[in-house]
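Take a look at these structures.
Paired with chain B in one complex and with chain C in the other, chain A is shared by the two complexes that follow.
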Partner chain A sequence: MKHEIPMLDQLESGPWPSFVSDLKQEAERRAKNPDNIEYQIPVDVVEDILGVLELSFKHGRTHWKHGGIVGVFGYGGGVIGRYCDQPEMFPGVAHFHTMRIAQPGGKFYTTEHLRRITDLWDFRGSGITNMHGSTGDIIFLGTTTKQLEEIFYELTHNIGQDLGGSGSNLRTPADCIGQARCEYACYDTQDLCYDLTMEYQDELHRPAFPYKFKFKFDGCPNGCVASIARADMSFIGTWKDDIKIDQEAVQAYIGGEFVPNAGAHSGRDWGAFDIQKEVIDLCPTECMWMDGKELKIDNRECTRCMHCINVMPRALRIGDERGLSIFAGAKAPILDGAQLGSLIVPFIKAEAPYTEIKENVIEPIWDWWMEEGKNRERLGELMKRQGLQKLLEMANFEPDPRMVQEPRTNPYIFWKEEEVEGGWERDINEFRKHHQR
Partner chain B sequence: MAFISSGYNPDKPMEDRITDIGPRKYDEFYPPVIAKNKGTWLYHEYLQPGVFVHVAESGDEVYTVRCGGARLMSVTHIREICEIADKHCGGYLRFTTRNNIEFMVDGKDKVQPLIDDLESRKFDAGSFKFPIGGTGAGISNIVHTQGWLHCHTPATDASGPVKAVMDVLFDEFKNHRMPAHVRVSLACCLNMCGAVHCSDIAILGYHRKPPLLDHEYLDKMCEIPLAIASCPTAAIKPSKVELPDGKKVNSVAINNDRCMFCGNCYTMCPSLPLADTEGDGIVLMAGGKVSNRVSAPKFSKVVVAFIPNEAPRWPTTCDVIQKMVEVYAGEARKYERLGEWAERIGWERFFEKCELEFTHHLIDDFRDPAYYTWRQTSQFKF
Partner chain C sequence: MEYEEAKQLIVDGLTKKQKVKSKFYFNDLAKIIDMKPREAKKLINQLVQEGVLEYWSSGSTSMYGLKGTGKQAHAEHED
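So, the complex of A and B:
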């Protein structure tokens, strides 16, 4: 090893997988090069990653410079320029750009595909990745400027694979596992995610937005990809009709034949399953009760929180009239505080080719945001600045009490002139005939 | 290290160029049992922490073994994952949103050999390569950001504190003994590319010193109006500065009292760095959730205003998290998330029980939402 890394060495102990051990094994393999790879970036790149990270541990400060505009021809995203601020000490990572590689839906892979990606990155990059980045992409951590086009060429020509998004564009959409392996999924998250990703490739690769824009797809209100917290437009599966009940299975839960919550509480003795306490009393709308041996649900009052279904997945199933709700404006705190997505479409069908979702929801909202959004203003911030009403007006949505938690508590309504009889042009002299000065 | 061309011709970048092909289509990579039974799954069940079965209408079953992973991963490690998937899973695997690796098999008899294989694999220094767990009412893997490893704005590291915290929470990763699942997330600055603001426990890197001013270069490297406009509290104004050599340059001045240390100016202007050894550290937040289950999604709340960066193992951060988890596990009701529990007992009780000091830093004073977090009722606890 080129560098002493006493602090990082301490992160090799303990049971959780040690990234330090992994980086060390990679550094060692590159040094030995048993497969005779003609490495296209410095062989000691991983040793220098460890070295620069150790220096940050010592200083309590990062040693990466601010940005740098690099990319592949014709794209405005997918590559993030990165340079080390101590290039003489760590020449292997002096130029160390990130590439975002669009991940497949549900993050399913064949080993054949994964190996091809891996081999490419071993040959032309640092061999260090994130599986996966926070937005969802595969992250290639660190290569030189010269390799960017080479990697892109090989990705597109040999692996049939594109870059993801970065900058002020559509970020790589991400989905939950959905119908592929989950009985709760109310629509095909992977298909909608893929369809929109392909439809909006231009928006993904060529920044034309005020700021970043994220789509995320949750198959049900459990929200495993956290779309409501982090997607500018969040798609959450739901249903309109009745929860399907298998009364025999309900009895099997009551009788202890089936373990509640699919066995998720198996590590502790919580006592015998009590349907009243664990299901009925926790229902947020109090729309469930036992009628003798029958579980009853007043479905019209149900808000589909998923709790009862989660606790008794073998007895209760999502309804059949399925679709999704759309929420807009979620974002992290920068700048004006964190926002969760606000409901803008209570229910819409999610059936290919998803024309209504694209033409009646996404595109009018994008048009508004691109027209009115300030530089680096997320959709949620524009919504706060101009109001939810404005979004509804621009997208031509009917207001619906479902869109609010409660009506406004102030009367400061911005009446429009056409809403008020007689309009706003009046004759002061006519008024004064009846009201002296 | 001879340069080897991919076939790309820099003189004719558009020649044979392929663009806008997107990711590979999801269904190319489905294991056969998934492809066959998609959309017809009936139910699932955990056989043990980290191991679960899904049963389809056809009667087919898919068994999944979930393993924790450091999301920072070498190609050597990925190749080992591929080797395991080839050996046990017909060459298929998947990753989860929380950086876990899932190996799937289509028969119960294939589960134990897979578990045995995964558990036998350790790095030379002793840590598990593929710890099994991360399911149900336990603590799953931490989603996190890049930190000092690769980012220019962090106020803390990511992989380091994550490794340290997961070592401490390891038993809970491998168990189902929490009242409900506990989601821990880390973002190394408040840009939050990890969006940790709705987590049961959020570890957030934060700066506490206003930016340094690199006057000599500022006007050359930045658009001054953009830097000024980037400040949410209007703390930045234009200024003329005389350098030691007598040269006058355009720059900015900062009203330090108004700075909220968000770093947005640094994002717009590299001549305004905030990073500082003593100034930077960790904010701990708690009680958020994204699920709509029982209660609505909610934000995490700041419960510790600042913990210094204690590399390499962040002991104070680990201790506070461990304490919160222990108290929550001991006190919350079955199915109750950390935030639901805190709201039921009251945040004043939460601080008491978790032995956390309540300081003025924890009272919101940022714009309109602040008012809605103050108490406007005579109902509170002594």
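So, the complex of A and C:
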């Protein structure tokens, strides 16, 4: 190794996995070069990344500069300029730009595809990747400016991949595995995710938003991509009608013929399945009960929490009248703490070409946020500043009781003049007849 | 607004502020040409395509500047 890295060595003593061990392994592989790759960036890039990290630990501060002007032609996102402020000591990482590669929908790709993109990255980059970053993208960590256009050309022309979003852009939309493999999916997450990605290419690649904006798509309320906590606009599958019950299968669970949770918690012996304790008593709205040998559900009270369906997937199934709910304003805790999304559309059909979702929901909200949002203000912060009421007004949504989290916590009702009979004007003479000055 | 007129306004507006700062938010540019963001975007994109403006990104936030201005280009050997 080129640098002494005692503090990083110490990290390796922790539980598996260790990024330090991974980086050492990659550094060694690059040095030996068993595949005879004609490296286009310094061979010792990985050794220098370990070196600069050790130095940062020693100094207690970063040795990366902030941001940069680099990118590929015509795109304002997808490449993040990173430069080291100790280039003489660590020439391998003097330029160490990040590239975000849009992940395939639901993160499905073949091993052949994965090999092609990693081969390209071994050849023109550091070989270090992050599968997958928080936004979902495939992250390529570290290359030089000269390589950016070459990589972009190869990705878009020969590998069928685009760059993802970064900066004040629409970020790469992310979705769950959806109907491709999951029986809980209430809509085709992959189709909606792909459709919106293609529709909003300009928003994805050319920054004009006040700050980042994320779409995420969960096929059902289990929320495998946690859209309600992470996306400025979150799409969560739901249904309107009744949960479908197979009473025979319910009995099979009770009788122990089917394992609960599809065997997911079978690592230890939990005893015999107890439907009362494990399903009925855990229903958050208490809308289930046993009527003799029949399981009953008061579907009007169901909030589609998914618990009963998760425990007894062979007995209970999602309803047939399916669509999705839309939530707005979730974000991580940089300002004002973390926020979950607020319900703005209780139910909407998710059918291609999704015109209603685009024209009646996404675009009016973007127009409002682009005009009213301060620099670096997320949609959720604007909603807090101007109020959910304002969002509903701008998007022309009718207020709905389901948008209210807790009734009667705020005693003030702000009426507008047009909402009040007679408006603010009154006949003063008529008033004076009954009220003295 | 015509493209040339917008270009002149933006170049003049940004040049005037060069001593104080070299990177600007999208909304600053939209204000200079007094247009709504959606409409301003087309013109501003064209200015980037033509090489009058360039993007700057921290990774989380994007900004715009007149091409080649500010410390960045020289300090990072990108000029």
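Rule of thumb we're sticking to: the second predicted complex is superposed on the first by the 410 of 437 C-alpha atoms of A that agree within 3 Å, B and C clash if a C-alpha of one lies under 4 Å from a C-alpha of the other, contacts with A are read in each partner's own complex, and residues count from 1 in each chain.
To be clear about the criterion, a residue touches a chain if its C-beta (ideal position, glycine included) is under 8 Å from a C-beta of that chain, and two chains touch if they have at least 3 such contacts.
Bear in mind the structure is a predicted one, so any value in this text is a computation, not a measurement.
By the touch criterion stated above, A:223 is placed in contact with chain B alone, chain C being left untouched. By the touch criterion defined above, A:4 reaches neither chain B nor chain C.
If you count the residues of chain A touched by chain B and by chain C, you find the higher number for B. Of the two partner chains placed by superposition, only chain B is touched by A:201; chain C is not. Applying the stated contact rule after C-alpha superposition, one finds that A:166 touches chain C and leaves chain B untouched. Of the two partner chains, neither chain B nor chain C is touched by A:359. Touch criterion not met for A:248: it reaches neither chain B nor chain C. When the two structures are aligned on the shared chain, A:298 is found in touch with neither chain B nor chain C. In the superposition on chain A, A:286 makes contact with neither chain B nor chain C.
When the two structures are aligned on the shared chain, A:21 is found in touch with chain B, with no touch to chain C.
Overlaid on A, the two complexes show chain B and chain C touching the same residues of chain A, namely 65-67, 74, 98, 202, 375-376.
Of all residues in chain A, those touching chain C in their complex are 65-71, 74, 76-77, 79-81, 83, 95, 98, 145, 166-169, 202, 206-212, 367, 370-371, 375-376. Interface of chain C with chain A (complex): residues 25-27, 36-38, 40-41, 44-45, 48-49, 54-62, 65, 72-73, 76, 78.
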